[in-house]
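Both of the next two complexes hold subunit A, though its partner changes from subunit B to subunit C.
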Partner chain A sequence: MGAANPAAEALIFLRRRICSPKFVFSPFSDSPHSNFSKLKFIISSSVTEACNNSVVLLGPRGCGKMAVVDLVLEDLLKEYPDMISVIKLDGLLHSDDNCALKEIARQLCAEHELLFSKMASFDDNSQFMIAMLKECGLAHKTVIFVLDEFDLFAQGKQRLLYSLLDAMQSVASQAVVVGMSCRLDADQLLEKRVRSRFSHRKLLFLPPSKEDLHRLLKHVLLLPTDSSIPSDYVAEFNEKLVNILAEERFNQIIDTLSNCDSTFNHLLRFSAVSHIYLETGFLSFQNFKAALSSIQRQPKLESLKDCSVLELYILVCMRRLEVKEQDSYNFNSVMKEYKSIHDSFQTSDYYAWNICLRAFEHLLERQLFSFVDHRGHSQPIEFRPAKLLISYHELYQGLKSYRSCPAILQKLIDREG
Partner chain B sequence: MPSIPAKGSPVIPTAVGRSGGIRSTGDLTTRKRSPGSNSTAEDGPITSTPPPKRKSPRLCINGNPSGPANGIEKESGDKLAKPSELLVKKLPDNFVAKPKWNPRDMEHLSAAKEALHVSSVPSMVVCREDERRRIFEFCKQCIEQEKAGSLYVCGCPGTGKSLSMERVNQSLLDWAKEAGIQTPDVLAINCTSLTDTSEIFSKILHESQPRRKSNSSPSPLQCLQGLYSRKQQQINMKMTLVIADELDYLITKDKAVLHDLFMITTLPFSKCILIGIANAIDLADRFLPRLQSLNCLPTVVTFRAYSKEQIFMIIQQRLMALPYIVFQPQALELCARKVAAASGDMRKALFICRSAIEMLEAELRESMSSLDWSSAEIGYSTEQGTAAHELTKQEIDIVRVDHMAVALSKTYRSQVVETIQSLPQHQQIILCSAVKLFRKGKKDTTLGELGRSYLDLCKSTLIPPVGTLELSSMCRVLGDQGLLKLGQSREDKLRRVTLNVDEADIAFALQGIRVFRNCLK
Partner chain C sequence: MCPEESPQVTRRTTRLSASSSPNLNTPARATKTSKSLPLTLNNLVFGDEPLSLDDLISSFPGRRMQILEFIGLLGPVNSPLIPLFIYGSASTGKTSAVLQIFRHLKRPFVYSSCLSCYSPRILFESILNQLLLHRKVEGNGYSSAKRCERPSDFVNLLRGALLSVVNSLQGCTGKPSSKKITGEINGNMVYLIIDNLELVREWDKSANILPFLFKLYDILKMPEVGFIFISKSPPDTYYSDTGYIEPIPIYFSDYTEDEIRQILIRNQGNRKLYSSFLDVVLRPFCRITRRLEELSVAFSPLFKKYCEPLSELGVAPNEETKRRLFSHLQPHVVPSLNEIYRVSSHPCSGIEMRKEKAKQKDKMQKLGGSQAFDEIDFHMSTSAKYLLISAFLASRNPATLDASFFDSTGGSDNRKRKRKSSEKSMEHKEIAEQQSIAKGPGTFPLERLLAIFQCITSVAECSLDDEGSNGLNMESVDNGLMSDVLLQLSSLCNVNFISKGGSCPLEGSTRYRSMVSEEIALKVARSLKFPLSKYLYRR
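Right after this comes the complex of A and B.
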């Protein structure tokens, strides 16, 4: 017993929350305008009215399309236990029509406890599927096809899509096709026959706005008062958390985070990382700051920090050669440039040729530059053309944050603006 | 005999003959069908969806294109259902105002939606009488003269080709029965279901000679050719009517299958009438050149895209089956106009109408929830509550033009602008810099150039740029979404990049942000 235990418990509790999409998306599913309720309405009205429908969910990756579909299906399976059967396909795994039909047949067999034969041909499988659809239609069961990576099904002749959507044109079957894709123009990729049979219902999933992000963080990180964790710990934890969330610099962190990637996934990863260490037993601002920097890693800058001054010189020379429009330069031209710098500025860092070659090889190992072609192994290293792998901006930042960078280097870099 | 639900919803017969007029439900079964008429008015009742436990005897035309046999059985089955509960006499619209549609009633709502569903086929197919007559005449002629022939039906998707073919099929069989001629064997295939394109020959052979063993030599095609080249031993061999849907799936690299299929009909003793359905107008000319030299190109029947008036008429005809008014006429006109201008696709028009009904439903739900909340808050008595309900009821019980406009915009508008507006800041900067780069003339560039342009933009707007790794992953995300198009290359910097969306869309989407507005000026 002690402060460690509630903290560890709280940690486990929070992690469990972050990993369950149901919890994460539940506050967003209450409003009638949310995608959750729209999708639920579409599918449930198809089930109750026994008609066919198709809908496609569009949105960037990590915006919760699969999570919302899972939530909706879970709810519907509770409401209508025997009237729904779900078939899930993925465009990456089942891109071939044969493969996809086989998978459909297998899932139908598994659902209805029939024996599935791996030897069944394409014809057999497709007839089986049509027959099952008819049977399910007669038995008032709706078959829901969930097609992930919908745009990958739209490659080639689109036979699977055509046969699914065509089967839905007849009165005998009751099916709903839910497609998910990250391409905005997924329905433009459909052939005109398939597009004509598709109902053009699109649900757009957008990354959350800034207010929603804040709401989500609060929702995820605030501990509930009725859990097994001692309530005075919970109260203190929540109070500290609310204070942090209200700070301006916290807003800045969130802004920086969402400037590059503002999807739900990203934010969840951030919040997962932010409480890896609860040393004091509570979340502090430092946790969030450390999380931000570990998410937005700059590997090249980190390697620059470990370079020696000579290596920095070599990099700066290479940069200058690039600026002078020399498309290819090798170690010899770099040495010439190095010598000219030494001559014009009388630096104290002038080393011998073989030491510079050693530094050159170190840089190669660290992948800060590479050779242009990978075939010239017979040539000695000093003649092979090379090119830089880091950008000007990264080099500039690296020099600025270097612990004891010679002023001359910064001046050399600065000149190019 | 299908049973009719007795609760609530009125049951209306769908037989709207060419002459409207008052028609009582009792004598529908005895409508005489004259030979050559191609409107098979179904006399069965249309029922709205019953409570979910029971399977509704839906609109009685079978939507199944394979085989007429099912159709005949179902039709006769439905004709017998005439319980005495059918109450409403069918009056022409302009004499009597129809009862009000109550969208709050689930049955009314589902009846309306079902009448507009693509899979519910109406009793009479309007606006295609001309084309149907031509096909019917052609088939009739072939059967009467016991001669083979080929016909090619073409048209855009959603123009009623398969639907009309089913009707012609039906009426052909009826005519043959009444005229005492041997009914032809009908084979309706959808060519997408064939794994191997030459399977179609074995299917045709199987149809005409079901007892033949299926061995591989000689091939089905050769068998057919042999069969049709010799004079028949049996007199009065049946004609075979082959309806091949989605004919362009048979087009292989050497175009042999399609060609051989049509050539079968040119053989001297052929008994095969071939009707091919596809989208391309010039399929016959492009893929069957040799037939032209033999002077037996198939007859072409083109199904033109529906015009505004036709779309309006078709939707009206479907809605006439319901006893209430669901749409404002201006709303239907708007829908017909927009769809006719875009593609003339009937399925789309039906989808949009259903979507408009759903808009109305959503509006209702919102107003109901707000009304409940407000009346609960103020604590009205139930009487006043229902009075308020009545008031709103009058306003929202018909699909108006604004519902239709929203449904149309949702279908036709692309989501590009919304998506761009909700992108994170740096991805917007990338798009903006791409626009600026492409304004200078070139239409595609490399990722390295784009990165440079991005850095310039960041510098000019004083936003700290991200590193190259982040930049290339953001470009990849944009490529996945379909906003940029990325090529492949061994090296990341050399991948080609082009814009996949219109520049104007990006400029429009970003105009709200001052920074981008200034850049893109």
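Right after this comes the complex of A and C.
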């Protein structure tokens, strides 16, 4: 008991918070000009005024589009309890029209407690959907379609989008279509006839600023005083956390983190990782520092450090072939280069052809180079053209940091400067 | 004769199944099904004896940091989890460490590998079968619980299955009386482990399936599920154009030399002896590869050779013994470096085989034979060997020179006399040679292959008739030529000695390409005593 229990409780509590997007994005919905209030206004006005509407939310991944939509819908369901029904579709799953209509029919049946038959055909489902829309319109009930990965629906013939937006054109129906996409040009992908039925409302979600990131961290990590965790632990935890967050070096960490990827998701992963070792029972600066290094990885350098000496030789040979401006080379040319290096420098690492071929295949598994022709299995492996996937600087750095790297390799790389 | 009976048989039946009477088999089937018990929630947990943390860490040398990191990221019981991504190269202990960690933690999990589930449908159904506690037995015709092909169906079914499992877990942990049934299961969360993720890239619909798998956690929106991905390639090879929700990475690096030594010594009887053996061989072999499975296979015959001078193997060696053993092993280390990937078919007699080969090498050298003696180690019929050689020649030689190589006498006696080549033509030759190395073997149509084959076999007939005795073998080749050859061709294609390409748009016939290297072709030709070098086009 004692200190371990409140720490474990606090840990579970914090992790639960981090993994629920609704909690994370709720403080950003307060200000009047935020996307939350704009979206809420659009949907609630179409509910109250019984009209149709469509809007698209655009922004990079991890900026909270889905969370904001969930928060808005939660609020609206509380305000107008029986006047809204929600249908959620995802472009990854339902980009095929058959799947999409089946899913719409299934969700409609589930909501209105009707029997859903899996054997229903495409025509049956689409007629059902149109009939339901008409009925809902007559009953003054708004149907809200939430389409995630909107750009994937815009591939192909866009039949689903057309039928949805077309059904909204009739006077009897009341529907709102909310599309979400991480492609900023998602509305340019629409066909002419779909675009003409689409109201060009766009809400842009931008990656957060530095102050927003700080606010978010405070919001997520500070324990509330009215939870089941003992209050003196909470007070001490919060005090230590506030001290850390105010430090300058902590700001530097946040700057490094947001310089490469400033979305919320990245920050959340960072804070999730920083919880691993709560040895003293409280968060310390070391936790955040360790989390930064484990989130920001350099996989290519790690792979280079794991290579054997023979594999490094092959990589250096490939690099030299690239320098000689042979734009397509294969394993046979690499072996020729390898032999010429051995002849001119008399290295001790000269191995047989099949050994080098196996090392070549190991490099392929590590994805340090790849073949140029995909699905070109009609040629034996030693003739397929290959290209390196690491740059000169990465290779140079990898060789420098390699334990017991043969000096000859560094000399060969250095020559080209 | 019996037109009324035939419409009843709607499915084609083999003679065997039609003749076996079903009555005899049912008693046996009934006993079989009664033996397999139905699956319970306990099957979701690793069933062996419990494992403590110290045992876990000591059984994976060099993995202490990764194990602790993984357990820390999993968190305490019932804490939600952002998806984890474990990566590292082959045989670094990813799968085994993860499974043993779950054995230690006693939490329910579902494991499926993309190696055995090689299509989306099999992957989905395998996960659902495990969650729905369904076993494929003879009784239900080895079918899955639910048929699931598309991701949309999978999400709905998965949600239902997960809810039912989580509810029963919560119900079980609530009632104290049911502890007997559940045994020890910690927590209400279910973890889904998907292994060998890099193989999904080669599936047909990989552009949809990979983002779907990474986004599955967000689509489900259930905090009681945790996702763990294991892959050989690092996470940056999975980036897609429109981005994806990145999981938290954990890296399993390759073992260092000390860790390899620790691991290899663990299972040995005489550790000091093996350690002195590793002092000799580990460093040179690690320059070639650092993969554990390849090193352990390569070391076992060498260790036997190392222990040969010792009379008893249980003694720890002193300095003088070590020096003796070292000098005994020394001449064998370097040649075996070049044979590191050779796995002998008779593990106990590997050394005797090498002695025999050495004897035969000496014999051949006395007769003035060629350098690399090795025979081909597979069996092929004579006509298949000739077909292979003709395919090799057809790929190597340009088609325009066929007439000069394969004239009616079957020889290349009338080669042009070589003129002295100027510098420019030498340069041309070098460039052409580079191009031929780059391009690889060429394609040829079926007719050309058959023409060369007929020409070669007629030559072989003539030469054998000259020698005398075995003329009978070749006669049969000529008679049943066509169907035999086409059968052999398709079996050579299946073994990947000849690859079948797409059809040429102008001619409309399929083109073939030979995939064997010159080394193998020379070996095959030597076994037939066929003068291959006379027919090869050399610039």
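We adopt the following convention: the second predicted complex is superposed on the first by the 297 of 417 C-alpha atoms of A that agree within 3 Å, B and C clash if a C-alpha of one lies under 4 Å from a C-alpha of the other, contacts with A are read in each partner's own complex, and residues count from 1 in each chain.
Just so we're on the same page, a residue touches a chain if its C-beta (ideal position, glycine included) is under 8 Å from a C-beta of that chain, and two chains touch if they have at least 3 such contacts.
No experiment lies behind these values; they were computed from the predicted model shown.
In the superposition on chain A, contact of A:His362 is made with subunit C only, not with subunit B.
Of the two partner chains, subunit C is the only one touched by A:Ala352; subunit B is not. With both structures placed on the common chain, the touch criterion links A:Asn259 to subunit B but leaves subunit C unconnected.
When the shared chain is aligned, subunit B comes close enough to touch A:Ala50, but subunit C does not. Once chain A of one complex is fitted onto chain A of the other, the partner contacts of A:Arg183 extend to both subunit B and subunit C. With both structures placed on the common chain, the touch criterion links A:Lys289 to neither subunit B nor subunit C. With both structures placed on the common chain, the touch criterion links A:Lys218 to neither subunit B nor subunit C. When both complexes are overlaid on chain A, the residue A:His342 reaches neither subunit B nor subunit C. In the overlay built on the shared chain, the residue A:Ser163 is in contact with subunit B alone; subunit C does not reach it.
Comparing which residues of subunit A touch subunit B with which touch subunit C, the overlap comprises 60-61, 182-183, 299-300. Listed in rising order, the residues of subunit C touching subunit A in the complex are 69, 72-73, 75-76, 78-82, 87, 89-90, 150-152, 155-156, 208, 211-212, 215, 218-219, 223, 232-237, 242-246, 248-249, 251, 253-254, 286-291, 337-338, 340-341, 434, 437-441, 499-501, 513, 515, 517.
For subunit A in complex with subunit B, the residues that touch the partner chain are 32, 48-52, 58, 60-61, 121-123, 126, 138, 140, 157, 159, 162-163, 166, 168-172, 182-186, 192-193, 195-197, 199-202, 204, 206-207, 209, 258-262, 296, 298-301, 390-394. Note for the complex: subunit B touches subunit A at residues 49, 52, 55-56, 58-59, 62-64, 110, 113-114, 117-121, 156-158, 190, 192-193, 195, 246, 249, 279, 345, 347-348, 351, 355, 362, 365-366, 369, 410-411, 414-416, 418-419, 422-427, 451, 455, 465-470, 474, 477, 480-483, 500. Those residues of subunit A lying in contact with subunit C across their complex are 8, 11-12, 15-16, 18-20, 60-62, 66, 90, 92-94, 96, 99, 102-103, 106, 151, 182-183, 265-266, 268-269, 272-273, 275-277, 294-295, 297, 299-300, 302-303, 305-306, 308-310, 328-330, 332-333, 336, 349, 351-352, 354-355, 358-359, 362, 365-367, 377-380, 382-385.
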